[in-house]
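For clarity, chains are labelled A, B, C and D in written order, and residue numbers in each chain start from 1.
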Amino acid sequence: MSRLAHLLKARETGIALALVLVVVATTVKNPAFLFSSDGWRDLLLTPSILMLVAVGQAIVIITRNVDLSVGSVVGLSAYLTGRVFIDLPGIPWPLVFVIGLVFGGLLGLVNGALVAFAKVPALVITLGTLYVYRGINVMWTGSDRINSSDMPREFLALGTSSFLFVPWLTIIALIVLVAAGWFLRTQRAGRELYAIGSDPAAAHLYGLRVTQRVLAAFVVCGALAGLAGVLYAARYGTVNSQAGSGWELDAVGAAVIGGVAIFGGSGTVWGAAIGAYLLLTINRALPVIGVQDFWQRAVVGVLILGAIVLDRVLAVRQSRRLTEARNR
Amino acid sequence: SDDGGSGGGGDGGDNLAITFLPKNLGNPYFDTSSAGGKEAVESFDGTFAEVGPTEAAPDAQVSFINTLTQQGVGGIVVSANDPEAICDALNEARDAGIKVVTFDSDTNPDCRDLFINQATAEGIAKVQVDLIADQIGGAGEIAILSATANATNQNAWIDLMKDYLASDYPDITLVDTVYGDDDDQTSFDKTAALLQTYPELKGIISPTTVGISAAARYLSTSEFKGKVALTGLGTPNQMRDFVEDGTVTAFALWNPSDLGYLAAFAAKALITGEITGAKGDTFEAGKLGSFEVGDGGTVLLGDPYVFDADNIGDFDF
Amino acid sequence: MTTTDASAPARVYRDYAHPLWRRLLFTREAAIVVLLVLVYAVAAASVRNFAAPITITYLLLDVAAILFIALPMTLVIITGEIDLSVASIVGLSSVTLGTLHQAGLPIEAAGTVAILVGVVAGAINGFFITVVGLPSLAVTIGTLALFRGLAVGLLGTTAVTDFTEFWTDLAKSKIPGTPIPSVMIVFVVLAIAFAVLLHFTPFGRGIFAIGLSSEAARFSGVKVEQTKFILFVLSGAVSALAGIYYTLRFGSARGDNATGLELSVIAAVLLGGVSIFGGRGNILGVIAGVLLIGILGSALRLANVTSDVINIITGALLVASVVSTSVLAWVHRKRIGAGIKKGPPAPAQD
Amino acid sequence: MSETPDAPAQPDAPAVLELSRIAKAFGAVVALTNGTLRLERGSIHALVGENGAGKSTLVKIVAGLYQRDAGEFRLEGDSVDFTSTAQAKDAGIAVIYQEPTLFPDLSVTENLFMGRQPRGALGVIDRRAMRAEALELFERLGVRIDPDRPTLGLSIADQQIIEIAKAISLDARVLIMDEPTAALSGVEVERLFAVARGLRDEGRAILFISHRFDEVFALCDTVTVMRDGAYIATSPIGDTTVAEIVRQMVGRDVTTLFPKQEVPIGDVVLEVEHLTQPGVFTDVSFVARAGEIVALAGLVGAGRSEIARAVFGVDPYASGTVTVAGRALPRHSPAAAMRAGIALVPEDRRQQGLVLSSSVARNATLAIRRQLARLGLITNAAENASARIWASRLEVKTASLDTEVGTLSGGNQQKVVLGKWLATDPKVLFVDEPTRGIDVGTKAEVHRLLSELAGQGMAVVMISSELPEVLGMADRVLVVHEGRITADIPREEATAESVMFAATHTAGEAA
C-alpha cells in the first residue's frame, strides 16, 4: 500500500479534514480568522494547552484506562507555577517547566499507583482524585490568586510571543506531540501500551509488564497536565483556584473525537491533538460564523457524537472487509 | 475570634455575628469588599465571617445561607448570583430573625432588608458609555464582555447602556454582548473571539472586574493594543499594568472596600434596631458618615470613580 | 425423574453459607450505613446546631436531586454502562419547564412536557448505545455537551422566575409535623419502585446478569439491548423530574442549572457500593451513600469547614471505598484462593 | 493418589526440563496433585489426559503464569522459580497457549514480535526488518496471511498459526504447544509437524498436548499420561497403544460409558429448514423428534455451535425457518425460542453458560426468572426452592445455594448449567459439548441423564467432538462439514469411519 493511500485511510485523516473545513469556512466568512496576525496566532495558540492534556489523556486511554483528574492537575500546577515565582524570586524561569512536569508526574503517579496496584477502575479513582486535587488547590489558594505582575515578563511573553510566526506555546506542544507520537510508534514500550489496551489479559499471558506500563502512562499523563498548567500560567497570566476546571471532559472528548478508542488499544496522539484543535477551533469559529454564544455547546455535542458514530461506521466497515477477506 | 456557631444570642445583647457571602471566593473584588466589611465589623466589636462557593453558580449560595440560618448568625451580607434562586433561603433566614443585606448584586427586593447600591445603575451605565465614547471618538462599533449571562447587576447595566447609547451616541453601534462567566480563561478567550469576529471593532466595555482584566491582558499582547479601546469596571491593582502600558486609558469603579464597610454597618443598624429598612431611615456608617435609606430599601454608596494614569497610583485595592 | 441413587444419603443444600446477620453485616452497604449513622451521631454530638430538626430539612432538600438521579444511575451502572448526561438533562428539563410556563402553560402541562423531553433525551442516549453500539461513556460525554447546549441556547441570558407560589412552596414544603420535605414522599415512592424493580423482579435479575456477564445473560434469554435502552430512558425521565424539582425549589429556570451534578451523582452511587464494572450494588447502599456525602457536607459546613476540605474528604472517601474493597477482596482471595474475579486484568482461563 | 506409580527412572544427564510432584490448587479446586514430566533435548514429547486433567495448568506453571504450591521444577538441572512469563521467556521457554492470546487491534507482524521487535538506532523499531521476518516465518509454515492486517477478525485457525509462528520465532530451547492443532486443517497440521520435526532435529525439546491420538502417534516419540492432576505413566511411543493410553487416561475401559436407552421415537418437535447465514453455515435442514438424541458431529470449526446458536436465536441468520411443534419462531430472539420450548446448554460454560460471580441459585433460576415471579415479583426464597430441586436431582456438590458458581469445579458448573436449562422444562434440548471438561464419573451421569430425558419424550440435539460419545449416545448422527450438513447417519450405520469420512469431505463427495 502506498504511503498516500495509507494516509488517506488513516482514522485521523477525516478529523483533520473536518478541521481544515472549519478553518476554511470560517476564513471565507471572515478573513481575519486566519489572515490577521492575531487570528493566525490564536488559531495555533488557543488549543495548544488542551492539546498537551489530550495527548496525555490519549496515552492513558490507549491502555484502556482514563484519567479524569487532569483538569485538577492543570489547576494545581498552574498555581504552583505562580507560587514558585512569588516564593522563590529570581528563579530562572525555565526551571518552572521542570517543576511543573515533576509535580504533575507525581500527581499522576498517585493515580497510577492506585489503579495499577490496587487494581481498581481508573474512572473511580481519578474521579476521586479530581475532587481531592481540586480541593487541595482551593485550600492552598484560598481567595488568593496569581496575577501577571507576580510572574517574570520573559515567562509571560512565552504565552503570547512567536518564533517564525509560530507561538512558543504551540512549539512546545508540538515538540511534546512529536515526541509522544514518535515514542508510541517506534519504541517497544510504546507498542506495549497498545497491546495492553487491546487485551489486558493477553498482555498478562504474554509477559508484558502491565503494571509498570500502566503506571508509566499515568505518570506521563500527569506530567503533561502539569506542563499544561505551567503554560496556562504563562498564557492567561492570572491563576485562581478554578484554573483548568472541567478540562477532563474536554480532554477525553478531544481524544475520542480524534479516533482514540475509549476501550483502548487503538488511536494515536496525533488524532487526539487534532481532536483538541478541532474542539477549540470550532468553539472559536462558531461566533465568527454567527452561531450565538449559547448554542455553541450544543454544536460541540453534535460534533462529538458525529465523530464517534463515524469512527464506529469505519470500524464496522473495516471489520466487515476483514471478514470478507478471510472468506476469500 | 470566630468559632462558627458563636452567633446564637451573643451575651444578652444584639447578635452582631455578621457573615459575608460573596458571589464566589477567590475573586479580588470581593476580597476587597470583605476586607472593608471586616474592618467595619471589628470596629463595632461584632463577629465577622466570610463563606461562599468556589464557583459563581446560581444555586451554590443556597446551602451556605441555610447553614448560616442554622447557625443563627445575626446578619447576612450577600451579593446574589441569581436574583430568584436564593430568595426563599434568604426569607427563611429572615423568618429566623436574621437581617439580610444585599450588596453589589441585588435579589428581588422582597427577599432582603436592604440593598447597598455601589452607585445608581444609571450612573454606572453612563460612566462606562461616556468613557468608551470618549476613547473611540464618539463613533464606531463596540461590544460588551459581561460576567455570567444571568448576573442581575450586569444585565441591568447593560440594558441601561443600550438605552443611553441609543439616546446620546447614535453613531456608536453595540454589535455583540458575550459572557465570560467571571472566569479568567473564558473571558480571555471570548475577548479573542470578539476581536476576530468584528474586525471593525473600536472598543470593548467590560462591566466586571474579572472580564476587564482578562480582556486587558489579551489586548496588551495583541495587534489590537492601542487600536481597540477597553473600559469598564476594574480594580486599580489588577489594571495598573495595563494603564501604565497604554492598553487601557481609563476605567471606573467605586471603592469595593467602602461598599463592604457600608454593608456591614447597615447590617449592624438593622440588627440593633436602629433602622428597619424603611425609606427615610438614617444610620451612621463609621468613617463613611451618615447614610439614608432611599426608594425600594436601597442605600447608595456614591458615584463611580474614574481611574486613569494620573490617579491610579493613589489606590491600593 | 431423578438421578439420585436411592441408597446414597441425600445431600443437604443450605440456602446460605452464612447466617443472615453475617450476610447483612459484612457488606459494603452495611459498612456505608454504619458509617452514615456514626457520622450522624458524631456530628450531632459535636457540631453545634446539627442536631436541630431543620438540619434534616435542609439536608434532604439539598440532596433530593442527587437522590432522585442516583436511582436510575444505580441501575445503569449495574449493567456496566454509565450516563454522564444526567445533569444536562436536568438543565434541559428546567429550561423546558420555564419556557413553557412563561408561554402560559400551567405547571402540570409544562412539567409533563419536560419529562417527555427527558424521555426523549434518554432515548437518544439509548439509541446510540444499544442500536449503534457505541460506548456509553463516549456517547454521554457528547450528549452532556449537546443537552446542556440546547438548554443554555434556549433561554440565553434570561431566567424564568415567575412560577406560581403554590408550586415553589410545594417544592420546599415539609410533611406536616415533621422536618421532612414533602418531596421525599415522591422520592420514597420512586425509591421503592426502583428497589423492587432492581431486587425483586425478573427484569432486575436481568440487570445484574448483564452487568456480570452480558454474554451469559444473552444466552439466558435476557434482552440485553432492550434492558439497557429502557434504563437510559428511565434515567432521562427521572433526571427530568429532578430538573422540575430543582427549578421549583429555586424558583428559577435556567440553562446552567445543576451544572456538574453528574459527578456528584456518580460519586455517591459508587460510594454506595455499586461496582463501576457492573453487576453489584443495591439501592439501599446508594441512598446511604448519597446521604453520607450530604450529611458530611452539612456537618462540616456547620462546623465552618470550607468547601475545599469537604471536597477533599468526599474524594478521599470515594478512593478509600474502592481501594478498601479491592484490598479486602485481595485478602479474601489470599485466604480462600478462588481464582475467579471480575475486572481486568485477570489471566485468561481455560 | 494411591495408584500413582513412581516417576520414570532418572538417567544421568539432566533433562532440559524436569518437573516432579508439582501441586497446584485454585481455592477449592485442586488442579494438580503430582505434575511430573521429563523433557529431553531433541525429542517431541506428548502430554495427554482427559479434559481437566491439569495439562494446561502444568503448562502455565512452566510458563511462569502460575506459581506452583509444591514440587520441583528444574531447567537444565537447575531449580528455577518463575514469577512472571517474561522470566520463562528469557529462560528459553516458548509457549503456545490453548486459547489464542493475540492483540486484536495490532497488526499480525506486531503481534508476532511484541516486546522483542528488531530495533535500530535510538531503539527505533525496524518495521521493514520485522515485516520481512514475518513473511519469512509464514513462508516456512507455508501459509499466506497478510502481515499488515490487524488480527481482529482472523479465523481461529489463522490465529492459531500466528501463535505457532510467534513461538517458533522465539528460537527457544523448549517449545510447548497446548492443543495447537485443535483448529487446524490437515494441510496446516502437516506443515506444523514438518517444522516441529525440524526443530527437534536441531536439538530442541518440544512438548505437544493434543486430544488427537493419530497426531500423537505420528509426531511424538514419548508420551506422558495424566489423570486427575496426577502423573500416570511415561512410555516411548513404540511401546504403547491407543487402547493402553486411553485406559491410563480414564482409569477403566471406555466402552461402558455410553448407555443410551432404547425408547420409542415420537413426533417431530423441531424442524429446521434451509437455514443460511453467509460465511457461517449454508442450507441447513434437519428435524429432531421426541425421544430422540440427534448428534451433530464434525470437526472443530465446522459450524455446529453456530447452527445451534442461530436456532436458539442468540445469533442471527439470513434465511430459513425454525419450527417448534408446528409454530415458526422469530429470528434472533432467545426469549421467543425459550417460550417455544428450546433450551441451549452452550459450549463455553464460563462465558456463555454461567454468570460466574453470581450464586448457584441465581444461575440455576436465571432462565426461569419470569416463571418464578408471582405478580411480577421474584424472591430469593422462590429461587432457592427451585434451585434446591435441581441441585439435588443433579447432585451438585456445593456448600450452599448462595455459593459463587465460579468457585465450583468444572463438572459441577456443568451440572448447574444443565439444571438451569432443564428447569425450563424444554421440548428441545440443545447440548453443545456437554461433557467437555467434566470428570469421568460425571460424564457417565450426564449421559445417563440425557438418555433419561430422551426417554421422557424430550428431543435432544447433542453437539460433540468426541466420536465415542457420538456413537454411543446418538440415535442419528448429522455430520457437519464447512457449514453444511453432509450426512445423516442412523445409529446402526454410524461408525467411526463413516462419520469421519463425512466430516472431512464435502457433500458431493460423500457416499
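The definition used in the following text is that contacts are C-beta pairs under 8 Å (C-beta built on N, C-alpha and C of every residue); 3 or more make two chains touch, one makes a residue touch a chain.
For each chain, UniProt lists the protein as follows: A = Autoinducer 2 import system permease protein LsrC; C = Autoinducer 2 import system permease protein LsrD; D = Sugar ABC transporter ATP-binding protein.
Keep in mind the model is a prediction, meaning the values are calculated, not measured.
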Inset, instruction - Return the chain pair with more inter-chain C-beta contacts, choosing between C-D and A-B. - result: C-D
Inset, instruction - Name the chain whose C-alpha centroid is farthest from the C-alpha centroid of subunit D. - result: B
Inset, instruction - Mind checking the centre-to-centre distance between subunit C and subunit D? Centres are C-alpha means, answer in whole Å. - result: 42
Legend entry - Where subunit A and subunit B are represented by their mean Cα positions, the distance between them in whole Å: 36
Inset, instruction - Indicate the whole-number Å distance between the mean C-alpha point of subunit A and the mean C-alpha point of subunit C. - result: 30
Legend entry - Chain centre separation in whole Å, for subunit D relative to subunit B (CA means): 75
Inset, instruction - Send over the residues of subunit C in touch with two or more other chains. - result: 152, 156, 306-308, 347-348
Inset, instruction - Provide the list of subunit D residues touching at least two other chains, using ranges where the numbers run on. - result: 65, 97, 101
Inset, instruction - For subunit B, write out the residues touching at least two other chains, lowest number first. - result: 54, 149, 179
Inset, instruction - Could you please write down every pair of chains that are in touch? - result: A-B, A-C, A-D, B-C, C-D
Inset, instruction - Give every residue of subunit B touching subunit A within the complex, in rising order. - result: 25-28, 30-31, 54-55, 149, 176, 178-179, 183-185, 188-189, 192-197, 199, 213-214, 217, 221-224, 237-238, 240-241
Inset, instruction - Quick one: which bits of subunit C touch subunit D in the complex? Just the residue numbers, please. - result: 1-4, 10-11, 13-17, 196, 200-202, 204-206, 208-209, 212-213, 215-223, 279, 336-342, 347-350
Inset, instruction - State the interface residues of subunit D toward subunit C in the complex, per the touch definition above. - result: 25-29, 56, 65, 97-99, 101, 314, 334-335, 337-338, 344, 346, 350-358, 361-362, 365-367, 369-370, 372-373, 376-380, 384, 387-388, 391-395, 397-404, 406-407, 420, 437, 445, 448-449, 452-453, 456
Inset, instruction - Would you mind writing out the residues of subunit B in touch with subunit C in their complex? - result: 2, 4-5, 8, 49, 51, 53-54, 57-59, 62-64, 66-67, 69-72, 82-88, 148-150, 155, 179
Inset, instruction - Sort out for me which residues of subunit C touch subunit B in the complex. - result: 48-50, 52, 54-55, 58, 61-62, 152, 156-159, 161, 168, 172, 246, 249-252, 254, 256-259, 297-298, 301-304, 306-308
